[in-house]
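Chain nomenclature is as follows: A, B, C and D, assigned in order of appearance, with residue numbering initiated at 1 for each chain independently.
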């Protein structure tokens, strides 16, 4: 109820602070009998890891995951899986100068108002570092979904600051530090370099996609698949907008073109983004998120201190000049967690249903 | 778990189908001692009601609400409040011709795949008619929040199809059938008239706002206030996108301008939309949603039938040419339900917290 | 969260007060495709109904159930099933004289302290009348479980006041107003007659049983099948104790005799009551509950009034001299709801598990 | 949903297996601002710890607790508190001979049927060792409740095997290894010595009590305080029965004596056990639980093996001859967790209620 558990049947409880001894999560509801080891989880953590390029925070953490429970002789047992990631590079002194002030656009103001406590250690609980356990849990969900349905999750950056990025191919994504689906990222690198030197930050737009999603996932009236996706995405640090399928572009569309035509071979377009009436249609899930610029920047900003008096804030320490860069594996993981949860829910409620209509899984 | 309950501490369980005997909801968790009668609820239902102009469905329902439980001698008792709305104008025969086909962009395809059942009566459970009980429940939440914090919820249309609507004043909203914040809606009426005669439909963009929201609402890491808002909004029929504050525009912003400066008198802008780190800041909540065009249209569309064969679909019957028109009171109600739930959650967890810093409630 | 929903995957939300316009429930999570009509539900309601003998309250209610949603063309649709029972015999004036006092052993004292409100109409929400919707929901669960697993639920009275009742046969239960498993109930009738004339009341002990329960139901560590059964039973009005299997007798047993031996043909005893480690073993579920004497009696009792001053209370009106008599169908229904919920949960989490060991379903 | 989280507003998620690397829990919902350190928690863990007398298992574990998150500068932050207990004495080979058989009365049969997996390491997840994290979480709840309401939790043994133990004083409880409220435990020691040498085990009856419980805790219709207590108690390993107040004795009572009289000075008896209509009355909470004999014993028992064939089972290894002995601190902790959860729930829903009637907190 205090908002640290994600999901209902595949429930992930997250704990830890940015600069405490450890962060981690407990996955409750993973079906028994799936082979699982750290090698299934570590690669996704490595994709999210800080310190891998000059465009992300220089905090250097191995983010090595340990499995404390729920796996016996290499297989899940159906009991809770505790995943632990020790914090190893906490330079708390870096944050010393911001304890008495509030950073514009940062959670320190609202956390203090809510809890009456100020934890300056890297943002404490509000740090994006807490997405690491979700990436780990997402890797478990991805594995189960791939084994059962062949579901594949992918994400890429489609805009950074003012620069739109025109999709070329998924193949390019792993080859550059921006998760950009393009061959040549030199323009992105130059843009970021200027920004970084100016002590400023920028936003990003991320696309996330899932293929081979079973038809029938999602609960009306609430817990619609797209509603749960919106919840998951908006819950990622710094996200300010979520679109499914045609998204905001659908405002200017007409019904005669928006609704995706069906033929015996499949849907002929995907304005729906894979969801109709809150339930997956078997088409690819397609969504986009907007990520705001990092609020912790070197540029001086007008603010107030703990006494409510005017002051100026400069945030030193190690920060991502564009938090959106590392958001791609996070958004993929969150999408996988939503789909996993609904796959189990569907099994519970409609395990009996046999529909003779062949699901139309792919766009033509 | 099957997705028919909204909220955790102020939990609204929704039931009914578009053309069954009745629709309604049970509100569990309303605090005791608040005066409540149907006159507190009916006005919001009337704002959402069909048949009030030629721009919405001609289905004519009084949508008269009855309170079956939870109120004694005019006051809430703390026990469940059951609100019932009888269906009185169900012309099921209008839908007879679409039983054997799937409408592009409509939930009938996915409902059939999920449940193995086809309920053609006005969309059955997938009908937007099921938002009526939520509007009723939202009216209860609005009353409690206004009495405790002075919170006020407002919504308006900011775009219809290709036509952007420039905000003039909240005062104009009740005076036109579009919930448009402008004095002269003749251009909107002409646009809709052309569309309606062409048997087509269009999308809309709705802005929703809340003032006098207490600071400190929202739970990290999940159940962030904005995450729950996104969940609530994306769960409204036909919504394809949600933005908080600057939303997708924040992608192209820089940190040096996006983060809202603080001064002793208040925040100097509201790019955050009233939420920092998932917790309300005391500023106005500001959000926008994208609503897709109605999928039930007279224009013929390519589709398949229950046997998976090619066919053409024309949807007769009574439908809104722009479902977005009636979405404004719905979106207000859903926002009120989210804020109400978090107000009770905050009381549970942080009832003790006394922060000496004066909350900054308003923008300058 | 306010405690009016029972179950997680087969979730029943209860509403209403004893003397309001109606009581009822919403069942969320019933799988689609099951045939269902009021004739499946009414018989169990009739077994619980008041006014059927001189040993129960003379309040005369038909308790006729209506299905408002969730069923289309005679089959469940997978959407919420709202069941409504109108109140027809509310003689509120009977209770007029107790509004200003607190009955010893009654909930009126604690309800007033908790909610700050006094609803004297037949106990308002605390009335045992609110078990009627649960009996209705239980009938739906029983039907599904019987169709899927052949599960059968039975209950009987095994003690009334000081009189133990030695089990003879389930066959006798429907033939007497006590739900007693004996041929001759004249002793019970005489006992009750004396008590009733004296304006007093007594307790009862009820046994409940379920056969053909699937093996594997129940979740460790919490939500154990027996823990959820205890929760369900202790939640029935006036219940003060719950035993599973050997229950309190197991305190004086030794390990060498308590643990039920297994042979290739089956378990050789059932001290466990059908549950091992919180998970059903396939043996019959066996449990007993203790029901306290009715607190609303004609015998004068020492108490206090709303001002906290000494007073004497006599409860007129229509009350059951032994609330335990009508508890049998209620306890069966609650057990069915628990088993149903766990059957769906098991399907979600362990739908894949195939164990080659043949389940041992019955005792030898 | 898979049953590893206890509580709703003060939610404790438990993880680990008896012989894995570690066990622990995550507490979500602890209010911020309470001082907390391991010294608040360790004493209760030490009371539950194995290896402290010859009457309990000789497994020797320090059960040292670590706080991994949720506490900053000695105070709770309102974020999840992860408590970790490393396993240090796992002699798995002790269990080698029972892997292929099922122990009568043990969970190994049902776990295998449910999950398709056999974890022989000390019972894996079904081990009573998993109560240690609950004792730790209970210590946190106890501290908060004591600081806010002066609530005190106590437990003692009232019967061991065939020997009833007549209550003398709470003062004696800490002075003997049985948690017995009597000065001279030599008879108990002799009884256990005989049993232990015979390779057998016995049951126990435990009383648990809470004083200074706020009035008004508990939710009707479900989540009644006593229903949640029953759920918590029946969920403890080996518990087969739960009684509140007069419990099963109330069956033979009459209404004229069972209902606790009220006077201006207080209640005159406590048959209710501190709960009326599911809501705390302010009287002491009083309950009893029945614990079955340990199923892992040296006495040979008839059983079957994994192939379903007849066999004989002898359980070597280290086991408690009476698991009830160490149950006292566990039952106290579980009761504290229930009361804590309801204290927060009450604050959420009825934080406004002001009743002028002075609560009657104690029996006369």
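Assume contacts are C-beta pairs under 8 Å (C-beta built on N, C-alpha and C of every residue); 3 or more make two chains touch, one makes a residue touch a chain.
Note that the coordinates shown come from a computational prediction; the quantities given were computed from them, not determined experimentally.
Participant: Chains in contact with subunit C and with subunit D: which ones?
Facilitator: Intersection of subunit C and subunit D contact lists gives A, B.
Participant: Expressed in ° and rounded to a multiple of 5, what is the rotation angle of the C-alpha superposition of subunit A on subunit B?
Facilitator: Going from subunit A to subunit B via C-alpha fit gives 180 degrees.
Participant: Measure off the straight-line distance from the CA centroid of subunit A to the CA centroid of subunit B, and report it in whole Å.
Facilitator: Here the centre of subunit B sits 26 Å away from the centre of subunit A.
Participant: So how far apart, in whole Å, are subunit A and subunit C when each is placed at the average of its C-alpha atoms?
Facilitator: Computed value for the inter-centroid distance: 45 Å.
Participant: Could you work out how far the Cα centre of subunit B sits from that of subunit C, in whole Å?
Facilitator: 39
Participant: Could you list the positions in subunit D whose residues touch two or more of the other chains?
Facilitator: Residues 1-5, 8-9, 14, 29, 32-33, 78-79, 114-116, 125, 220, 345, 348-350, 353 of subunit D touch two or more partner chains.
Participant: For subunit A, which residues are in contact with subunit D within the complex?
Facilitator: 1-5, 8-9, 11, 13-17, 20-24, 26, 28-29, 32-33, 66, 68-70, 72, 75, 77-82, 114-117, 119, 121, 124-125
Participant: Name, in rising order, each residue of subunit C that touches subunit D in their complex.
Facilitator: 1-6, 8-9, 14, 102-116, 125-126, 130, 159, 161-162, 195, 200-205, 215-216, 218-224, 226-235, 237, 240-256, 258-264, 268, 271-273, 275-282, 290-297, 299, 301-304, 306, 308-310, 324, 345-346, 348-350, 353-355, 357-359
Participant: Report the residues of subunit B in contact with subunit D in the complex, numbered from low to high.
Facilitator: It is residues 1, 9, 29, 31-33, 78-79, 220, 344-345, 347-353 of subunit B that touch subunit D.
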